[in-house]
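Notes follow the structure.
Here the chain labels run A, B, C, D, E and F in written order, and each chain numbers its own residues starting at 1.
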Amino acid sequence: MAEFETGFPSVRQIQRCVADKQGVEIKLLTGDIFLGTVLWQDPQCLCLADANGEQILLWRQAIAYHKAVTA
Amino acid sequence: MAEFETGFPSVRQIQRCVADKQGVEIKLLTGDIFLGTVLWQDPQCLCLADANGEQILLWRQAIAYHKAVTA
Amino acid sequence: MAEFETGFPSVRQIQRCVADKQGVEIKLLTGDIFLGTVLWQDPQCLCLADANGEQILLWRQAIAYHKAVTA
Amino acid sequence: MAEFETGFPSVRQIQRCVADKQGVEIKLLTGDIFLGTVLWQDPQCLCLADANGEQILLWRQAIAYHKAVTA
Amino acid sequence: MAEFETGFPSVRQIQRCVADKQGVEIKLLTGDIFLGTVLWQDPQCLCLADANGEQILLWRQAIAYHKAVTA
Amino acid sequence: MAEFETGFPSVRQIQRCVADKQGVEIKLLTGDIFLGTVLWQDPQCLCLADANGEQILLWRQAIAYHKAVTA
């Protein structure tokens, strides 16, 4: 799995998405695609809230890509 | 695979699901989706009990996402 | 892959299955499902014997879940 | 997942792609193929910009191959 | 991926297959199944020879299971 | 993923393929099969050149098997 350190540019970029409530699209290795805003991240998961405020914990080990999206 | 430390927010969040008998949905990389309550977790597995009380050990390395669900 | 220590509850739970000759069902990331009894485990594999006594070594890195089953 | 050190030839090769704005094709384990230029890399991700300048963060753990392509 | 130490029972079991020229069946995460005899193993691969003596290096990280087979 | 050390027999075997310009077939976990000659390897990738001299970097984490082939 991906290493995780708070200093990594990609970790900081996600942290800015949290601060800015930036919409993101995240695809997992299962093929599932999720849209929402990242509430927090830790070395195991990203916590995503969808348009209805429902939270889901996406496991880092399963993430294929993520990108910012406009609402 | 995901790192595991009891201090991680996502590990503590699962621990609260255990304490609260909170229903969860967990999807594996195989595509299987499980509903139940988490009885305990360790660095290798989550032990889930379904509606009939049957227990299954889901291996962390295979987890794609989890989320709380209402019964 | 999953970490492995003999003190983990999930490792001890498998060890009890070995001692009790408890039937188990194990699913791999390939989608294959195996039924049998666990003869031994080590940090790389679980050795499973099926109803005919044939042995197969399932690699931990490929395990999605396992659970006890009644014969 | 792949180890990451800035001294690895394959990491330096990607770094030259960044410097040269070299077009690349990257395939993920999901089967998705992306075309674009790499803006930066870190131990967790490669940041790719497509022809429209849209950025996507491809997670290293999910990369199957990459190669240079001519525009 | 699986840890590798020469003292592991599953590694020693493979080593006995090498010594005994025991036929084995190995399935990979790709779904491919290989039959042959293991010529040697190291922490990265198992070297398998098929019935025609052709050699193939199966990467440990991709192995789902292996078992002895009778010729 | 597979550990990598230059002293591993499987790593040295690839190194001989480089020296001998030995044709190889490499299959990835995506199911893609590549034919060519290995130009170099590092802990992250194998650099393969196909019949037209086009280079592709195959990520070790995605390799299922490799074998020598005759041209």
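Criterion: a residue touches a chain if its C-beta (ideal position, glycine included) is under 8 Å from a C-beta of that chain, and two chains touch if they have at least 3 such contacts.
The model shown is predicted, which means the values in this text are computed figures rather than measured ones.
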What chains, if any, are shared contacts of chain C and chain D?
none
Chain-contact steps, minimal, separating chain E from chain D
2
Suppose you list every residue number at the chain E-chain F interface; are over half of them used by both chains (same) or under half (different)?
different
Centre-of-Cα separation between chain F and chain B, whole angstrom:
38
When the centre of a chain is set as the mean of its C-alpha atoms, what distance in Å lies between chain B and chain E?
33
Chain centre separation (chain A, chain B; CA means) in Å
19
Specify, in ascending order, the residues of chain E that touch 2 or more different other chains.
1, 4, 29, 61
Have a look at which chains touch which and call the overall pattern line, ring, star, complete or other.
ring
Beginning at chain A, go round the ring through chain B first and name each chain as you reach it.
A, B, C, E, F, D
Within their complex, chain F touches chain D through residues 1, 4, 28-30, 32, 40, 42-45, 47, 54-62
What residues of chain B sit close enough to touch chain A in their complex?
1-5, 8-11, 13, 27, 29, 31, 61, 63-68
